[in-house]
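Chains: A, B, C, D and E, in written order; residue numbering restarts at 1 for each.
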Amino acid sequence: MNMLEVDGLGHTYKGKDGSHTAIDGLDFTVGAGELVCVVGPSGCGKSTLLRTIAGLIRPSRGTVSLHGNKVDGVPSDLAVVFQDYSRSLFPWLSVTRNVEFPLRTLSRTEREARAVEALAAVGLSTAGKKYPWQLSGGMQQRVAIARALAYRPSLLLMDEPFASVDAQTRFELEDLLLRIRREQDTTVLLVTHDIDESVYLGDRVLVLSKSPATVVAHLDVPLGPVRDQITTRASDDFVELRAKVAGLLQGAPVTVR
Amino acid sequence: MSGAPRVPASLVGLVGFFAIWEVASRTDLVPGYYLRPPSVVLPTMVTLLGDPEFVRAVVATLAATLLALVIAVLIAVPAGLVLGSVPPVRRAVMTLVEFLRPIPSVALIPLALLTFGTGPDTKITLAVYGALWPILFNTMYALDEVDPLHVETARAFGTGRLGLLGRVALPSAAPFVLTGVRLSFAIALAVVISTELFSGGTIGLGQVVNVASGGGLNMDTVLAGTVLAGLIGYGANAGLELLHRKAFAWSQPKVGAE
Amino acid sequence: GLLGGDDNTTSSGSTGSAGAVEKAKVKVGVLPVVDVAPFYRAIEQGYFRDQGLDVEPVVMASGAASINAVLSGDVDIAFSSYPAPLLAQSKKVAEFKIVADALTAKPGHIVVVAPPNSPLKKPTDAPGKKIAITARNTMTDLAPMSVLKTQGVDYTQVEWREMTFAEMIPAMERGEVDGAVVVEPWVTTAMKKIGAVPVFDGASGPTAEMPMSGYVAIGGTGKFASTSPNTIAAFQRGLAKAQAEATDRTKVEPMFVKYAKIDQQTAQLVTIATYSTSLEANRIQRVANLMQEFGVIKGNLDVASMIPSSTSNK
Amino acid sequence: MNRVTRTAQRWVVFAVAVGLWELVTQLAKAAEAEKSFFFPPPSEIALTAKDLWFSSAFGDHIVPGISRMLGGWALAGVIGIALGILLGRSRRAMAYLGAVFNFLRSIPPPLLVPFFVAAVGPTNMQFPTIVFGAIWPVLLNTVDGARGVDATKVETARVFRLSRAQWTFGVVLPSALPKVFAGLRLSLSIALILMVISELIGSANGIGNQLVRAQRDYEPTAMWAWIVLLGVLGYLFNTLLLVLERRALAWQPRHSLETQALATGG
Amino acid sequence: MNMLEVDGLGHTYKGKDGSHTAIDGLDFTVGAGELVCVVGPSGCGKSTLLRTIAGLIRPSRGTVSLHGNKVDGVPSDLAVVFQDYSRSLFPWLSVTRNVEFPLRTLSRTEREARAVEALAAVGLSTAGKKYPWQLSGGMQQRVAIARALAYRPSLLLMDEPFASVDAQTRFELEDLLLRIRREQDTTVLLVTHDIDESVYLGDRVLVLSKSPATVVAHLDVPLGPVRDQITTRASDDFVELRAKVAGLLQGAPVTVR
């Protein structure tokens, strides 16, 4: 049962002075409850891919299907953590209100409870009353994550969500994501440039070529659902996979799957 | 207001407006001898445009308006930059500004007439006075909205106060300043025509309307002048919008409006 | 000065006896009204040129604007209906000189009219009614008030509404006002467009033959009226010639159409008032007295002192 | 900086201007300069103003004038913001209506009189004139603000499938708000100006009505007293609006001390 | 010879509802031509520290001195790569113009040459005519880096400059930075949350405590000036130092120096 099906997907940005093909002929599927990591060189089209899946831009070619239905417009039950997190927060709302903002169907108390819980999960319990611009970069990024988590989407798209936090916090957030995925059976598509992270988090890793992005490889990560920062990262499988991904990214001809 | 790419659609709106007007004055909804229908007014306008004296009046009005607008921009943009970026000056000057702003040019016409005479000076001075404010205010407010990080970036790279104003504040404020200019054009036109209308003495569209309305119900001419004023403003606005699109390609919305 | 009459050596005109004009180029502030028809005729027929004058009309928007223009020195002579300069004189704004009389009311020139179905049918109906006028303290309210007063009607109870003549007609039709005080050509226009009926004449009884408007200049040291007596006399002679001819309808009607923008049809119907050919202080004094009577002018105003000494035909 | 110096800063230029005005007009008067009749010294104006403003004119002219103006401005604000958001965020609405509005907005208010006279009559046209004239700054500025919503925020709103109300009042309006306030402040003075203009025709009362009467009756001190009243009213309402603005825009970083220092380069 | 001296530095943000002390009593020095990496938990005050050194905010306590002169206002010859790179680019300027922005004292041709060179160095030779919003996140970040490099400052402050680029590009940019530092003798203060990066790049690593930031440790990195991604990272010194930094960050009581 495929949650997400991407079929011949391509997108070309049109500008006054020429057009630019960001992604081209992408094919892949993501099963329900799977966590797929996307890696690829800077500027290859990862964010573009996420945008087309979220229905924010209409792809030039090919289709995206969710639960077998072609995506046309923004699907329901979807949350995105944007790469440009600082701009995706509303400066006129406090941190708590930012997190509560998409939860309009819930009652007031429930909304508050969710916000408190999500902020606590990302370690921002005390920042609720502040405005986004009063926070550090990493804290803003965590607010954006908290907002997406509080929404409890069935499909979660994350664009380099841990890029601005320190190593320690990053580990904690990674584990948080894994836990939530297990508990809520969320399907996650996560863009990262950290190869270790992609292997540590992913059920599969999707390696993209440089611009225009095409699928270079689709690696299974057979590390099981429960992972641990110390033991997993020290495991042989992990080290091997990590080298494989790195090799693929550098263009080494590896055929997997 | 811009972004009316499809000419037919924008015409639909205008045609609709004229259609309502036509129907209202053809039926007895409004006194038709007074609010003449566009089917009478528009041909009158075309006829008038063949009259060199009328054309001279229109050109005089237009020239005064443009001159006033240019002067207003030259005063208001630098003033707005200074007031917007130096709080002590802003505090000191704004009190006076807030007292002056609500004084209508129309109320000053007699005094201006006494001081500047019946020449074009009067209407240009009054139009500058009226047109200053939107540009000044929009410049000041746009400065408040300049991204603080842009300011920090420029300062970190050793940009001085003037450079900050000219190279960061002005470009990022420019689109909103231009909106102020678009507002000001209409105001300058209104003040110029009103001055012609209420004081007389100089040739211009307002004078034509005034003379026409003095001697009987020459509403054709009056309304032709009115429509022409609207069209002038419409044309000026279109020109300014074109300028906007050309100059501020970077500020175009990247995400299509629904 | 630079613009002085010295440069005009060619003519002292047909009446050379009066001496050379001090200022050949004269700007006159006028309004687009029937009162100035002879003035335009004088220009068209060259009557001013014959007097050695180059007269340039400057069309102003209102009597008040015209007065301000003459005060600022921008025009030399201003046409205005009388109340404005008389009031300004009484307030000592400047030393006004009346250069020429323009128009004297005749029955049918200034009329209180009402729409056909109006409750305002006769002068005694006036109290409590809304009546449109151009502005307070002008002939449009002073004249009817005077008439009402002599008829014993309480004029203080009239609700005056200020608007332009053009707006009075739809206002009457919509019933927003019960009547309006109009002068020609608006009397004719109101009758034609909405079938307005006359209620009473504004120039009757105490206001019969009331002088309505004239041409003024500013006197005092260094001012036009003092420095240019010959010019004023020349202007008076030129204008008088046209004023005298104005009894002939055919001579002024074309001026109505051309300069007051009255349409041909209406122009043929308008009541033509009397264009004065002489400047008599005691007649104009009636206007001052009327204004005094209704408290517009406080104290006495001697109009005789406003007639320039050079005036030829006192 | 303490309160006292701030207040002093605020009024020093104003005080100097009034002082200069007094000086120049007194000198002109002493020299019996031409036209000094029309430019009385502010001290005389103040005396006249005291008598005028606090006489029966207050109830007869000032209150009706102000209520017309405030009502007109408020309505213009509401319509301007609503239309501005619509036009700013909908290409189609802009395509159909933009041209009409640009046409109408360019017609000088005095030339619009025939339309208002035809539609509502000369004695009732004050209110619509004010509304019609005061709309434009709010409308144009709101369009600008609504259009300028940051692209990432637009995408965020779309992803979370915000309701129309949330989108309009939660995203578009707040991001347009600084510009809307600029428009509202411009509109406020335009409403005052149009109050004066509209009271010239068909009105039996109002500040404009009295102002013009004083003008025509050659009462320059009274005329200046009314002009000064307009200034005072404009200042007053503007100050109130600023208080409101400061509350509504409290979230803006510019209101933090840090960035204030930043903007001044200090 | 100390280029930069930070003495008892503290900063408290004042807000309407209470104040927040971001950094407190920081003391450290940076020698001319040194590259010092700053690590610390998210929200601890690293960006605040950089801002006070750049003279962008006036510290509440203590002083910053450059070449022995107290910093008051923005020092000359300084460049900053901001954490929020996307907002620090000017949207009304093309990429090339953005890079040229600070170079207004140079002639036109020299400016252009510098911009071309800098853009080539970060791998963006073809993007010069685009506007910032037409670039991907990582590309925008590289533009910000190129702008700072083209300026050739004597003091370069970088706030997580490689957070948004893929691993491969990151390595290349790291080496670029090392090379430029060597060639131009630039003093660099670099904030990073990547512990490996801090050891790989730094002559010293400054470890900060969590908010309010104080100096936890000041580690020397004795790896020599010329480093190599593969051999250096594999060296024992590297691995040991890296573990030490990680330990310090987690609050282990290590006393160094």
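Everything that follows uses one rule, which is that a residue touches a chain if its C-beta (ideal position, glycine included) is under 8 Å from a C-beta of that chain, and two chains touch if they have at least 3 such contacts.
Note that the structure is predicted; figures quoted are calculated from it, not measured.
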{"item": "Both-way neighbours, i.e. chains that touch subunit B and touch subunit A", "value": "D, E"}
{"item": "Path length in the contact graph (subunit C to subunit E, fewest steps)", "value": "2"}
{"item": "Remotest chain, subunit A as reference, centres from CA atoms", "value": "C"}
{"item": "B-C compared against B-D, more contacting pairs", "value": "B-D"}
{"item": "Distance from subunit D to subunit B - Cα centre to Cα centre, in angstrom", "value": "16"}
{"item": "Rounded Å distance between subunit B and subunit E, as computed from the means of their C-alpha atoms", "value": "49"}
{"item": "Distance between the centres, which are taken as Cα means, of subunit D and subunit C, whole angstrom", "value": "39"}
{"item": "Touching two or more other chains - residue numbers and ranges from subunit C", "value": "64, 71-72, 164, 170, 174"}
{"item": "Residues within subunit E bordering two or more other chains", "value": "13, 15, 56, 84, 87, 133"}
{"item": "Interface hub residues of subunit D, defined as touching at least two other chains", "value": "35, 38, 117-118, 151, 155, 200, 215, 252-253, 256, 262"}
{"item": "Interfacial residue positions of subunit B with respect to subunit E in the complex", "value": "147, 149-150, 152-159, 163, 167-168, 171-172, 174, 248-251, 254"}
{"item": "Subunit D residues touching subunit C - in the complex, by the definition given at the top", "value": "35, 37-38, 113, 117-118, 121-124, 200-204, 209, 213, 215-219"}
{"item": "Residues of subunit E that touch subunit A when the two form their complex", "value": "13, 15, 17, 20, 39-47, 83-84, 86-87, 129, 134-139, 142, 159-160, 163-170, 193-195, 246, 249-250"}
{"item": "List of subunit B residues in touch with subunit C within their complex", "value": "31, 33-34, 109-110, 113-119, 196-201, 207, 210-219, 221-222"}
{"item": "Contact set on subunit D toward subunit A in their complex", "value": "150, 152-153, 155-156, 158-163, 166, 170-171, 174-175, 177, 251-253, 256"}
